[in-house]
Every structure is written in structure tokens, then in C-alpha cells.
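For reference, chains read A, B, C, D and E in written order, and residue numbers begin at 1 within each chain.
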Amino acid sequence: MNEVYEFVIENLLGLIILLPLLGAIFLHFFGRFIGEPRSGALATLAIAGSFGLAIVASIPMFAGGELAHHPTTVMLWDWMPSIGAAFELRWDPLAAFMTLIVTGVGMLIHIYSVGYMHGDERFPRFFTYLNLFAASMLTLVLANNFAMLFIGWELVGLCSYLLISFWYTKPSAAAAGKKAFVVNRIGDLGFIVGLMIVFTSFGTLSMGEVLELPGEIITAGTATAICLLFLVGAAGKSAQIPLYVWLPDAMEGPTPVSALIHAATMVTAGVYLIARTAALFQLSGTASVVVATVGAATALVAATIAIGQNDIKKVLAYSTVSQLGYMFLAVGATGYVAGLFHLMTHAFFKALLFLAAGSVIHGMHDQQDMRKMGGLLKKMPVTAWTMGVGTLAIAGLFPLSGFWSKDEVLASAFASGGWFMVLWVVGIVTALITAFYITRQFIMVFLGEPRWEEGVEPHESPRTMTLPLVVLAVLAAVAGFVNMPKINPALEHFLEPSLEGIQMAHLESSALIVLLAAVSGSAGIIGIGLATLVYYRGGAFRQWFLDRTRRPFLAWENAYWVDQMFGRTIVLPGKRAAFLTARFDDAVVDGSVNGVGRLTSRLGTALRPLQTGFVRTYGVTLAAAAVGLAIWLLSRGAL
Amino acid sequence: MFDALGASTSWLAIAPEIVLLLAAVVVLAYDIVAKPDNHDVHAAVAIVGIGGAAAFTWAQWRSDLVGQEFFLNMARLDGLSIVVRFLLVAVLGLATVAAWPLLRELGRRGAEMLALMFIATIGFSFLASSGNLVMMFIGLEIGSISLYVLAGITRERRLADEAAMKYFLLGSFASAIFLYGVALFFAGTGSLFLVALPSALASVVFTKPGVILVALGLMAAGLLFKVTAAPFHAWAPDVYQGAPAGVVGFMAAAAKIGGFAALARIVWEAYGPFLDDWQAPLAGIAAISIVVGTLLAIAQSDIRRMLAYSGIAHAGFILIGIATGPASRYAVSFYLAVYTIQLVAAFTVAATVSGPGSSGSAREEYVGLARRAPLLAATLGLMMLAMSGMPVTAGFVAKFGVFREGWIGGLEWLVILALVASVAAFFFYLRVIVDMYFREPVETPGTPKAAPQAPPSVRWMLAIISVATIVLGIYARPLLDFLEASL
Amino acid sequence: MGFPLLAALIVTPIVGAAAVAIVPAARKELHLPIGVAVSLLPIALAGLLFAEFEPSANFQFVEFAAWYPEWGINWHVGVDGIAMPLILLTTLLIPISLAASVAITDRIKLFVIMVLMLEAGLIGVFVSLDLIVFFVFFEAILIPMYFIIGIWGSEDRIYAAIKFFLYTAFGSALMLAGIIALGALSAEQTGVWSFDYLDLLDLELTRQTQGWLFAGFAVAFAIKVPIFPVHTWLPDAHVQAPTAGSVILAGVMLKLGTYGFLRFNLPLFPQATVDAIPIMATLAVIGIVYGAVVAIVQPDLKKLVAYSSVSHLGFIVLGIFALTRAGLEGGVIQMINHGLTTGALFLLVGMIYERRHTKAIADFGGLAKIMPIFAGLFLFMAFASIGLPGLNGFVGEFLILIGSYATLPVYSIIAASGVVLAAIYLLWAYERVFTGEPTKEENKVLSDLNLREISLFVPLVVLIILLGLYPNILLDRISPSTDAVLERVAATSSYELPALDLSAGGE
Amino acid sequence: MPDLDPSWYMGLAAALFLIGAVGMLTRRNALIMFMSVELMLNAVNLTFVAAGRAYGVLDGQLAVFFVLVVAAAEVVVGLAIIVAVFHTRTTANVDALSEMKG
Amino acid sequence: MEAALFVIFGAVSLAGAIAMVTAKNPVYAALGLMATLFSLAVFYIVNLAHLVAAVQVIVYAGAVMTLFLFVIMLIGVDRAEDTSETLRFQRPLVFIVGAAAVGLGVAAVVADEWSWTPLAPAGAEAPNGTMAAVAEQLFSVWALPFEAVSLLLIVASIGAIALAFFAPVRRRKEKSDA
């Protein structure tokens, strides 16, 4: 049996990427001809194939044998030999872990999209992009070379761009897509500079070589520089402060896109990158602190903003930003397993929440404003119940998946001590807020009196959409059990080979573990309760609460005016500077060139009067020249 | 009557001149006696005369007399004289073709024009090939006086008269200055032969060569006037503009050939030992010519004036070679050959577009010429590119040659100046192409511009010059070989 | 000496031009097809060149014939890994730009002849191993381009044509002075004049002499590239030129500058090159950022692409003067990449201009709905230009950035910001032109690309992806030559190779 | 032997040449300008003769002989041009001949 | 003796020259020139150039000056004219150039660059320019120039005919000629 696995790993690994890629290529050229349901089915089939292959290839990883402990690398072909860039794949538990999430969640979202995108005139094109995205994301996680990883890194950005502005006739969608790409590029700038240093220090971009024993090659300072630059890249992709601004706007895209790209997979690439390069981050305590701090800050800020949002998807978007902050907090606090664990559970419950929200939007005829919803529980029971599971999971209610992973994140922060204790407090507060805003959302959507606009007839979504909801709900509920501290640290064991030699934050005391779990768990319960009091119960407390929080609410509703601030301090001056530069180019740079030309021409014109037309003037010049010549000669020869 | 000269007599040494003279006289006599209505006989005589002159020049080149002096050094049969004679005869031949429409327009006066062209050629040939300063002066005057008359041959035109008068007054003034230089040379050396100076240097130690150098200055001034070097140039734009279009190309070309050949002979041969003294002044004049010619050409709106100023700049380019010394004789003669023939072609186009007897060729006449007369436009465009020194035309090889010599000769600054000026020169050369190709004529209603018609002979001539310009640009070997074998 | 392949490459287009010239002017419909057909022959020859090319630093397909031997000028041509890809690019872009010129009806015959002459000249530049031969081609190509811009350009074509010509001619004048000086130095040191590249490599030049000569050559090439601040002819020429002119100009002619640096400045004046690094790198980086910033606010699509060229060419210059293996390789391959993508972008702008007779961004909007194929191609090319990994643009940029960090860390970091700016100006332009609902009535009736137009892009798209994923097909052939240049610079100047390249060079 | 140093004649000739040149440049009557040129040629002739005597050669006199012929020919053509100009403009004032300039 | 002649006729020639340059009436100018020409003939004789002196009187002072006077009468400029300068800067410029020329001569003399006598062959016999002596030279050494100047006469006659003899030809094209 092992031979089969080996064969798959060594020969068919590329196929995992290739299948969706071929799907994308085929659909790009022929999607129009095979029509709506079939193109969706084909795309789903392609990613299902990848999923299947990934499962087969993962079996030895679960088994934890020789194959798991020695990452298999597959050299496909040389790319840029002089900088050690090549197409090489790497299969180890971490890669398997990511691949499974990407293909698994991706497959579910493909299925969901068949229903969601029903009737869209560019239905096949949508699946082209989805498949392309899957291929790109798989390239990212399977790469054993930073250059190849960067291909995936950028291509997922491209797909994000294409999918956000899928409905390009909407100017806001087009603008959002561009914004996402540009902000991501700013992050990539950091990543590229990081890679420059990596190559200059290591002489290669191959991960295997770089991550082998980096401590022997580079100093801590260099490591800090590389890690901080990687952080910039990761912050761009994973929407961390200050580069998170693109993610809320990205909600302009179709909801499955938000679920797949902007919740479950792409945005976690930053976390993956940091986990993957843990060997480097380990060399730099500073970088880890910065990562964790950025993560914690992002978590808190985004969570508060989420409270103030009325758009069903914006809430989830800020929630995603916030949860990604958690993951950063975890990996910053060297809780890599915790971070990845949360990455997984978040993929499940956030995808679930997004898809459910999509289902709501679908049923409400593209209504996204929660103030115009309410009382949908009856009309869309499956959606409501599944979303309920997601809500409780993200709120961290025991024993749903969110509880376990969030607890681990906080535990690793706590375990790191020092400054991380502060971050731990922030994390707890954020947990409370998270529970609050997500409960608020559930109540506004499903409970209370219907506030629908006229003519809206909410209805439950079709089977293709609800099926993934159910599956994800189950996963969101039970995924936490794969990594219960002390009891069943399966994930930790699974990932262990990939994180060999990495010092990780760890709590030894069982009592402490339980205590911390209780603290974080109760924070979630308090948040839920508070939200229920305010939004479900209503009455005097609601009024009291809302009066007290009016001003912060304004700030939250407007996302602390960060977009406006960026607009005023960067975009607008930037534009103005560009205009000025263009004018400078025209007036000064070009002007001086034209000036030289004009001057020459003017000089010619200025000399014309010397040619007076009078023969006697000519005679004088002739005589003067002759005398001058004679004087010159005489002076050279004699005087 | 040449008995007294003994072995120094060689009819071959002056055979081309004799043939040309005979042709001129025959044309005149026939015209007076037969009073013909057409010019067929003129053409036949011209062909025979030019062909004979060319044939005799060739015979000179092939003969074993090369390098010798005849008529007691009054006529020399060295490489320079043969090359110049070839060039003059070629220019005369091409210019005669070009001048034929003018000749028809002039009617009976055409015979005089033809004879004057022939005699002018003889004069410049003497100027270039004599070892005696008085003989050179005579040659200079034969050529110049013929040109004065040619400038005013369309004497009913005010501008032609103006041109002739200006040319004449300034020309004789310059001749007088040249002659005074000759006199001072005589006063300084006691001889009128060029070789006197080097031989005097060999026998007597010149401690105070002042008078000799002043003589050089005055003689050079007279010749620089002929070749339109600034600041001796002032006559050229007015004369080129005013003189009849059909013959102005010849006037410009012949004077430049003769003038440069004589200048080269004087400074290299007689004043060779004084190179340190005259190099800087000549280089200075070259620089002034290049700058003045280029700048003023930019400001012109008349093509012929533009060509005049560009000719001033070209004189500067050639002077780079002259100033370098005799080593640059191939480069200089190549440049001279290429440039003067281009000049003839360019003026031929001007004569066709503006009319053979016209004075002035405004740029506006050339707008959209590429549509009306593609061949003329292509020829003029090519000549502009060649004059600008564009590679793949003979102009580039020519320029490269003198620049190279200048660089070797230590005139790096001058070469760089010339290179920069050639860039500025692109501006006015290219403007002609702009007019002909890029701009569309503003049609005044009712009077569409007629397409200028050139007779087949002229078209062939232009085609041959164009092809030669490109062929020499790609492979100048034959001409260079000829020059190297001759000089 | 076997079949003179390089001479054949140069002569074929000229013969083709003659063939077109023979066709009577009245048969207007024949000229362009014949021109396209003729221009396919050089592709075949270039294919042969590619197939027979051996990946080594030596010059291959060398032809030598006496021309003006006593002046040291000879017909000496040959290609190495630097020139070969550029020849391929040239032969590829010419038929494409010809085939894209169906809109030209006025004097089409002259047009075809000019384009074919241009092709001959461009190939000539890349194969010349004699400096005078090089100069002849370098200068001669100005003429056809001058005509192409001047006759078939848009409103301000005359201004643009003259500016283009004078600007470039100014540079080449100084270069000619440098060339003559080199010949004279050769005469001084060896006793014979020689303009032969290989001979001149053996000259012993003092640091000061190198400096002067470097400056002379550099001005010529800098204008051609163009490097800030001598770039302003480029937007004018591009905007005014007809599509074919823009494509060839951006696709090939700009590369003459960077090619010149690589071929002449570095090997001939190594010490001066090293001394000039701060200046050149500074100008390159300024060009990268400045070109991109100015591109952002251009109201005209063509001008935008033109300024993007300034930015992209800055990368190439930076890569060259980084003096590392990756930098030089990246520079060369980026020349090809830029030729493909920017050429394609100009083609696209030309196609929309033919339909709508405007290039102003403000005149468009929502075109993606009306012309989806066009929009898709534009986006593809835009991303190739932005440097999306997987497409060709990335390979060059990445090599350059990574390669230049070792020697020019600060410069390369600033240059990297060009990556962001490129995304801004191209995607913003895309947003304004293609997204949203089409509002203008004139735009609603536009037709999408037809099969002929699409087919022009097929080779470009294929190459863009191929070079993006498997650049080795060229890099294998480029790197021996660039390594040789690098080693020469290191061996003959005070420059010390970064440790990285020392070890890598030994592979 | 003459008892006067030839340089006296030279000096006189130079003066005459200069006067001729000044006349050329200051008078605007074409005829007088023309006479000035003749004066200049004659000054040259005097130089030739004086220098020839100083060296004891006849060449100077021969040169004068030729210059005389040249001057005569020049006079004929020059006067013809003056007449032709007078024909179209009825003036011998050369300052009137300034239509072409620049 | 010679010095006296030089002073007298030198003064005459200068006076004639200056008269020519300054005379308001062209006829007086011609007469002034004639005086100079005669004075020069005297110098020629003093310098042993007998034949030249004769030719000077016959050809120059006689034929050429007659021609001048004829044209003066022909075109009717035989009256006083305005000699004030109309061109700006012309006279100052002429003065400067003239001064420079004088300066050149003075400088040459002062620097002892104006002396050629040391170069004369020792004991050179002063040549006597009789007709025979000149003729011998003319038809031997100077034979070719002698033939060549005949061309000048042809040119002169053609020129005179071309410019002043024929009736104007009818213009084919009325081009902008004014």
C-alpha cells in the first residue's frame, strides 16, 4: 500500500495543482459552449479530484511514518537557476493540512456556487476563476521554493481581483477589486524585499535549503529583517493592520468568493507563510513579538468595528480580519499549531457563516442590510440552524470547534508570558466582543420582527446550497476535537514533523489549561448574553446600552474612518503628487529639451539680421575676416 | 609658340581644357552663324565636349605622365589635378543635364550659358592644377567671371540681377585680396611658384616669416570666399537664391571644387612647413562656418538659402580635413566629390519644382511634393539625408572620413563640435522631408498645384545620382580606391 | 564559413521591400499581404538561428568580410546570447505590427517598405560586431521610423517625429565621437585602426579615458532607453506614432539602448562602468518610480503605456548596472518581456483607436461588457506588464530585483516599489476603461476583436506564458554571455563580484 | 641700381590698396565701388613691380601684365552687369539691391 | 632723383585715390583714378618696367577708363550724388577694419617682419622690362597663362553679349520675380 502512496506523492503531486488548472483552462475557452450546470460540475469535479488525491497523499502523513518525517520534494523544472528559483513541490504534514482544507472547503464552495450563481450570464467564467484560484492556492501551499510560493501568492491575489470585481459593471466592485490587488501588492513589496535578502543571504530560494538550518547562515538581525518583511507580505494577504482595508471592500464579490477566498483559504496564506518559515521566525524574537502584537491589535480593532456594521457580509468581513488577528497572535506567540488549528476551525465556521449569509442574501433577493431582515428563522430553517452553529462556534461556545482553537490561541499567548500577557488580555476582550457582534448579527437576521422591504419573499435556498451548509455546520461543530490539549492533541502530532526543531509555546499544567479555557469560554458566554440582552430582549437595558455606546458606535460604524484617513493622507496627496510630477515632466524636463531646441532656432533667427542684404555689409565682414585671418596668422607665426 | 618650353610641353596635360574650350567655341560659333531654333546641336557638342574632356582626363590618369609638371610648372599633372578635373567634368556633365530646361527657356542666350559653364570649368581646372600663383589667379578669374555672368544670365529677373551684382562686387573684392596675397608671397619669396616657399625654407633659414603668413592669410581669404566659409560667406545665400535655379548648382559646386583644391594646394604644398601656424586659424574658421551655417540654415524658409547656409556648414566640415594636413587628402576629396554632386542634384530638384529660371524656392512650394512628384521628392529627401551625414548614404562615409582625419590631427574639439552641429543640422534637412512627405498642401480652390515635370534626361540624372549616393554609402571602396590610387 | 545566416536575416527584409516596391502602386490591396508574407521569412531564419545556437559565450554565426580595412572597418557580425533573443523578438514583432496595420490606406506601399527596412536595420544593430557597422545600423533605423511617425502618425506627428529624430541623433553623435576615439586609440596602441569590437576589447584604457568614452556611449544609449531625464521624446513619439510604429518602437527600438549598455559600455569600459554605478542606478531608480508615477495620471492610454515603458526600462538599466549574474540575465530577459507585453499593449490601444478614434481614457468606460475579448486580452497584458508571477514580466523583474539587492540594496528596494505603482496605474486605467456600465453611446456600438486581430495575439500570449513558466528556454542561452560580460568587468576593473556570484559562477 | 628702398613702394601700394578697400566699402555707387576694385588691383601691381625689382626678376612685371588683362576683362563684365541692373532697376545704387537677406 | 619722383607722384597717386573715393560726382572719381594710374605708370618706369608702363597708359588709363566714363554717361549718373552714409555702423566698422589693417602693417614693420631684402639673391641685376625681355619670358615660361588669359577675353565678350546685347527673351513663366 505504501508504494501507492509513494507513487502518488512522488508522481501525482503536480496533478493536485494541475487538475483545477486544466479545469480553468478548459472552462476559459469552452465554458461558454458547455453551458451552465455542466461547467459548474466540471469545475467541482476537478477540485474533487484534487481533494481525492490529497487524501490519498495524506494517508501516510496521518500514519506518521518515514514519509511524514522526511518531507518529499519533487523537482518539476528549473525556473530561474541563477537565483535558485525552481518549480519544486513539497509534501509534508503542513502542506497536506493546508491542501486538505483548501481542496475540501473549496469543493464544498464549488458545490454551493452551482446553486448560488444560478442564472448568472457569466456562470462558466465564475467557475473558471474558482478553479484557477484553487490551482493558485495549491501552488502556494505545495511550493518548496519561495519563488514558486510567490507565484501562488500573487495568483491568488489575481483571482481575488478577478472575483471581487466579477460583477465589473458595478463600479464599486471594480474599485474594490483594484484596491484589493494594490493593497496586496504593497504587502508583496515587503515579501519581495524579504526574498531579496533571503537570496542574498542564502544564495537560493529553495525552501528546503533555506529552512534547513538558517541559524548557521544568517544573524539574528538578518532574520529579523527577513521576518518583518515577510510579515508585511503576510499582513497584506491576511488583512492585518494596516493593510486590512481591502478585505471589507472585497465583499463586493459574490458571496462564495468571500467564503472561499476571503475567509477560508487565501487570507490564511499569511499565517501559513509564517508557520512555514517558523524556522526563520525562531531566530528573531523581535519579529515574533511584532507579529503577535499586530495580530492582537488587529483582532481587537476589527472586532469592535464589526459591532457597528449593518451589512451582513461586512460584519463577517471584519470578523474575518479579527480572527486572522488571532491566528497572527498565535503564530507570533510561537503557538504555530494553535494558529493553524484556528486557521482550520475558522475555515469551517467562517465559510459556513459566509455561505449561510449568502443563502440569506439569495433568499432576500440580494438584500444585504441586516436592518431589513429579521424573523427569517421560520422562512429559512436550514440556513438559520446551520448559521446558528457557526455563530456559536465563532463565539467560542463549548464544545464547538471555535472554543478549542481560540482557547489554544490564548493559551499559547499566555504561555509565552511577558508582553504576551497583555496580548492575552486583549485576546480575551476580543473573544467577548466577537461573541457579542456575532450574536447581534444572528439576532438581527433570524429573530425578532421581520423588517423586510416590500415585495421580498424570503425562501429557503436550493439543495446544492444547503448541503454544503450542513456539512460545514457539522465540521464547525466537531472540528475542535481533533486537537484537544492533553486529551487528544492529534493535530499537534500530525503537524509535528513539519515543525521539527521549532520551540513552541506550551502549557504544561492541566489546571492552568482548564482555567484559561474557562476564562475564554466564559468571555464568549458573556458576549452572547450581553448581545441577547441588548438586541433580543430590548427594553430599557437596550436603550441604556445604546445611549452609552452611541459615540463609539459611530466610530465602529465608520470603521474608525480609516479609509477616509488613508484617502486623505495617502491616496489624495499621492494623486496630487502624481499630477505635479506629470506637470513637472511636461514643463521642466520636456520643457528644457524643447527649450534647447527653441534656443537653437532662436539663435539662428537672431543671427539673420547680420545678413543685411547690403553688399557693403558683406564686404565689411569679408574685409574684417581677411584682416582678422592675417592678424591671427601673423600673431601665431611671428609676434 | 611652345617651342621654347621644350620637354615641358605636353598637350595631354591640358587636353581636357582644350576640348572643353573647343566645345564652347563651337557652340558659340554655331549659334551665331546658324541661328538655330532648337538646341540639338548644342547638346551633341556638349556631349562630345564633356565626353572628350572625361576621356582625356582618363587618359591623363592612365598615362605615365602623372606626377610631372608641364609648361614649366604652370600646369601640373598630379593626383589632385586629375581628381579635381574628373570631378569638375562630372559636375559639368550633370549640371549640363540639369541646366538644359533653363537653356531652352533662355532661347538664343542658352548657347552663351553653355559656353560659360564650359569655360568656368576650364578656369577652375586651371585654378586647381597650377603650380604658379598667377596662373591660379587667372584660372580663378576665368571661373569667377563666368559665374558672375551665369548668376545674372536671366537678366530680366530683378533677383538674378541683384545676385549677379552682389556676386560680382564681392567676388572681385575677394579676388583683389587674393591677388594682394599673391603679391606679398612674391615679395616674401621672390617667386610666384608654390614650390618656392618650401625650397626657400630649405636653403634659407626663415627667421621672420611674417610677410609670408600675411600673404597666406590674404590668399586663403580669397579662396575661402569662393568656398563659402564663414565669415567669408555672406554672398552665398543671396546668390544661391537669386541666381537662376537651373545653373546655381553648377555655380556652387564648381566654385567649391576649385576653391578647395587651390586652398589645399596652397596650404599643404607651399605652406606645409607652417602647419602649426595655419592649423588653428583654419580650424577656427571651420568651427565658425559650421556654427554659423547650421544656425542660420535652421532659420531659413527658402530651400535654396537653406542649401547655401548648409553649404557654409559643409565648407566647415571640409575645412576640418584641410586643417588637418595633407594626410586627409582622400577624405577631403571624397567629401568634396560626394557633397558637390549632391548639391547639383538638390538644386536640380529645386530647378524643376520652382522653374529653371526662377529665383528663390520657398518651402511652401515643396509641401506635399511626395504626392505630386514622387521621384523628385525622393531624390531631394535622399540628398537631404546624405548631406546630413546619414549612414547608408555617401554623406556618412564622407563625414566619417573627415571626422576621422580631424581626430587623428588633434582637432578633437572641432570634431565633437561638428558632430553636435550635424545633429542640429538634421533639423533643417529633415524639415524638407517634413514638407514633402508629412504635410499636405493647403489647396486653394480652383488652382490645384501642378505636378512639376522634369524631362527624362533630368529624371535619369537624378536617379543615377540617387543610386550612386546609396551605393557609395554602402560600399565606397571603388571611389576610395580611385582616390587612393590617384592622390 | 557556412551559410551566412545573419546576412540573410538582414537582406531578406530588404529584398522583400524591393519586391513590394515592384508591385504597382495601383494594386493597393497587395502591398500589405505581400509585406506580411515577406516578413515571415525572417522568422523562419530566426528560428533556424535559435535552433542552431549553442549556449556558450562565444559569438556564433560569425561573418567577416573586408569593407574598409585600412580604416579598420569590416563587415563583422555575429550573435551571442544577448543578441539572439532580441533578434527573435524583432522578427516576431515586425509581421505582427505589419498585420495590425490594415487601417493604413494612404501610401501603404511606402509604409510596408519602411517597416521592412526598419526590420533589416534593427537586426543589423543586434548582430554588428564592428562599431562602425553598429553605428550605421543604429543611425539608419531612424529614417524609416521617422517616416513612419511623420507620415502615418496622428495630429502632432511632425513635432514628434522631429523630436524623436533629433533627440536620438544627438546621442548617437556623441557616440560616434566615442567610436572614432576608440579607433584612434586602437591605432595608437596597436598601430592599426580597428573598430572591431573584439579588437577594442583588448585596448588598455586609463580610467579617465574610459570615463569620457563611457559618457559618450552612455548618452546615446540613455536617450534610446530612455533613462530619466532624457525620456521625454518617448511619450510624444509613442502617442503620435501609428500602431506599428509604437509596437516596434517600444518592442525593439528601446532595447537598443539597454543592449548597447550591455554590449559596449560594460565590456569596453569596465572601470568607468563601475565608477558610474551610482549615477546610473540612481537614474534608473528615478526612472522606475518617476515613470510609474507620471503614468498614473496620464489621460491618454498610449501615453500611459509609454510612461510605463520608462518605468520598465528603468528596471533593465538597474539590472545591468547591478553587475550580478541575476541582474544581467534579468536585464536581458526583461528586454524580451517588455517587448512582448508592451508591444501587445500598444497593439491593443491601436485597435481601440481604430474603432473609436480616441485614446483618451475619459472617453471610454464599461468596455468589458461590449468587447469582452478585448478586455480580457488587455487585462492579460496588463498583468504581464505588472509582473504577475507565471507570466513573463515577473521573471525579468524578479531576477533584476533579487539580483540587484546584493550590490545595490537601497536602490533595489526603492525599485521594488515600482511593482506596486505598476499595479496602480494599469489597474486604474483598466478600471476606468473597461469596468462599470457603458454609458457613452459611441462606445456601445464598438465591435469586439475579429479573428484576424485575435490571431495576432496568439504568439504573444503563448510566449508570455511560456517565458513566464519556462524562461530557461532563453536563460540557458543568455546566461553564458551575460556571465562572460560580468567576468570581464570583474577581471578588468576594481569591481569585486559579490560572493554569491563567485560561487554560483563556478557552476 | 635704384637708390630707393622698394619697401617705400610697398608702403605706398599698401596705402592705395587700403584706400581702394575703404572706397569699396563706403561708396554705394556701383561704378565707384568698381573703380575702387581697380585701384586695389593697381596697388597690387605696384607691389609686384617693386618686389620684382628687389629680387632682380622679371616675374613681377609679367604678373602685372596678366593682372592688367584680368582687370580689363573684369571691367567689361562688371560694367555689363551694372548696365543690366540699371535696366531692371534704373539705379546704380547697390544699397537698393537688398531684396534678398536674412 | 628717384626719391623726388616718389614723393611727387606718390602724393599725386594718393590724392587721386582719395579723390576717387570721396568724389561726389562719378566723373571726378574717374578722373582721380586716372591720375593715380598715371602716377603708377611713372613708378613702373622708375622701376624699369617699361613695357608695363606703356600698357598701363594705353590699356588702363586709356581704354578702361574710357569705358568707365562711357558707362557713367550711359546710365546717366554723371552728377553729384549723396555720399552720406545710410547704413548704420558701416563707417565705424570700416574704420575699425581699416585701423586693424593699418595696425597689422605697422605691427609687421615694427616686428621687422616686413623686410624681404635679405632674401634677395646677392648681386641681383635689376631686370630691365623692355618689350623684348618681357616677350621672351611671356612666350616661354608664361606661355600657358598667356593662352589662358585669352579665355578671359572670350568670357568677357560672352558676358557682355549675354548681359547687355540681346533683346530680352519672352518669359515663359510669370513667376514671382518681383
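One rule holds for everything that comes next: contacts are C-beta pairs under 8 Å (C-beta built on N, C-alpha and C of every residue); 3 or more make two chains touch, one makes a residue touch a chain.
The shown structure was predicted, so the numbers you read here are calculated from the model rather than taken from an experiment.
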Most distant chain from subunit D, judged by the mean position of its C-alpha atoms: A
Chain of greatest Cα-centre distance to subunit B: A
Chain nearest the global centroid, as defined over all protein CA atoms shown: C
Between subunit B and subunit D, centroid-to-centroid distance (C-alpha), Å: 26
Whole-Å separation of chain centres (CA-atom averages), subunit A against subunit C: 37
Distance from the mean Cα position of subunit D to that of subunit C, given in whole angstrom: 65
CA centroid of subunit C to CA centroid of subunit E, Å: 68
Overlap residues in subunit E, where contacts from two or more other chains coincide: 87, 90, 94, 97, 101, 104, 108, 111, 113-116, 119-121, 141-142, 145, 149, 152, 155-156, 159, 162-163
Residue list for subunit B, restricted to those that touch at least two other chains: 134, 138, 141, 145, 148-149, 152, 155-159, 164-166, 169, 173, 187, 190, 208-210, 214, 237-238, 299, 360, 424, 427
Subunit C: positions in contact with at least two other chains: 166
Graph class of chain-chain contacts, one of line, ring, star, complete, other: other
Interchain contacts (touch definition) - all pairs: A-B, A-C, A-D, A-E, B-C, B-D, B-E, D-E
Touching residues on subunit A, where the partner in the complex is subunit D: 608-609, 611-616, 619-620, 623
Sites on subunit A touched by subunit E in the complex: 612, 614, 616-617, 620, 623-624, 627-628, 630-631, 634, 638-639
Residue ranges of subunit B touching subunit E (in the complex, touch as defined): 1-2, 4-5, 14, 21, 24-25, 28, 71-72, 74-75, 105-109, 112-113, 115-116, 119, 122-123, 126, 132, 134-135, 138-139, 141-142, 145-146, 148-149, 152-153, 155-159, 164, 187-190, 200, 204, 208-211, 214, 354-355, 357-360
Subunit A-facing residues of subunit E, complex: 87, 90, 93-94, 96-97, 100-101, 103-104, 107-108, 111, 113
Contact footprint of subunit D on subunit E as seen in their complex: 1-3, 6, 10, 13-14, 17-18, 20-21, 23, 26, 29-30, 33, 36-37, 40, 43-44, 46-49, 51-52, 55-56, 59-60, 63-64, 67-68, 71-72, 74-75, 77, 81, 83, 85-87, 90-91, 94, 97-98, 101-102, 105, 114-117, 119-121, 124-127, 129, 133-134, 137-138, 141-142, 145, 149, 152-153, 155-157, 159-160, 162-164
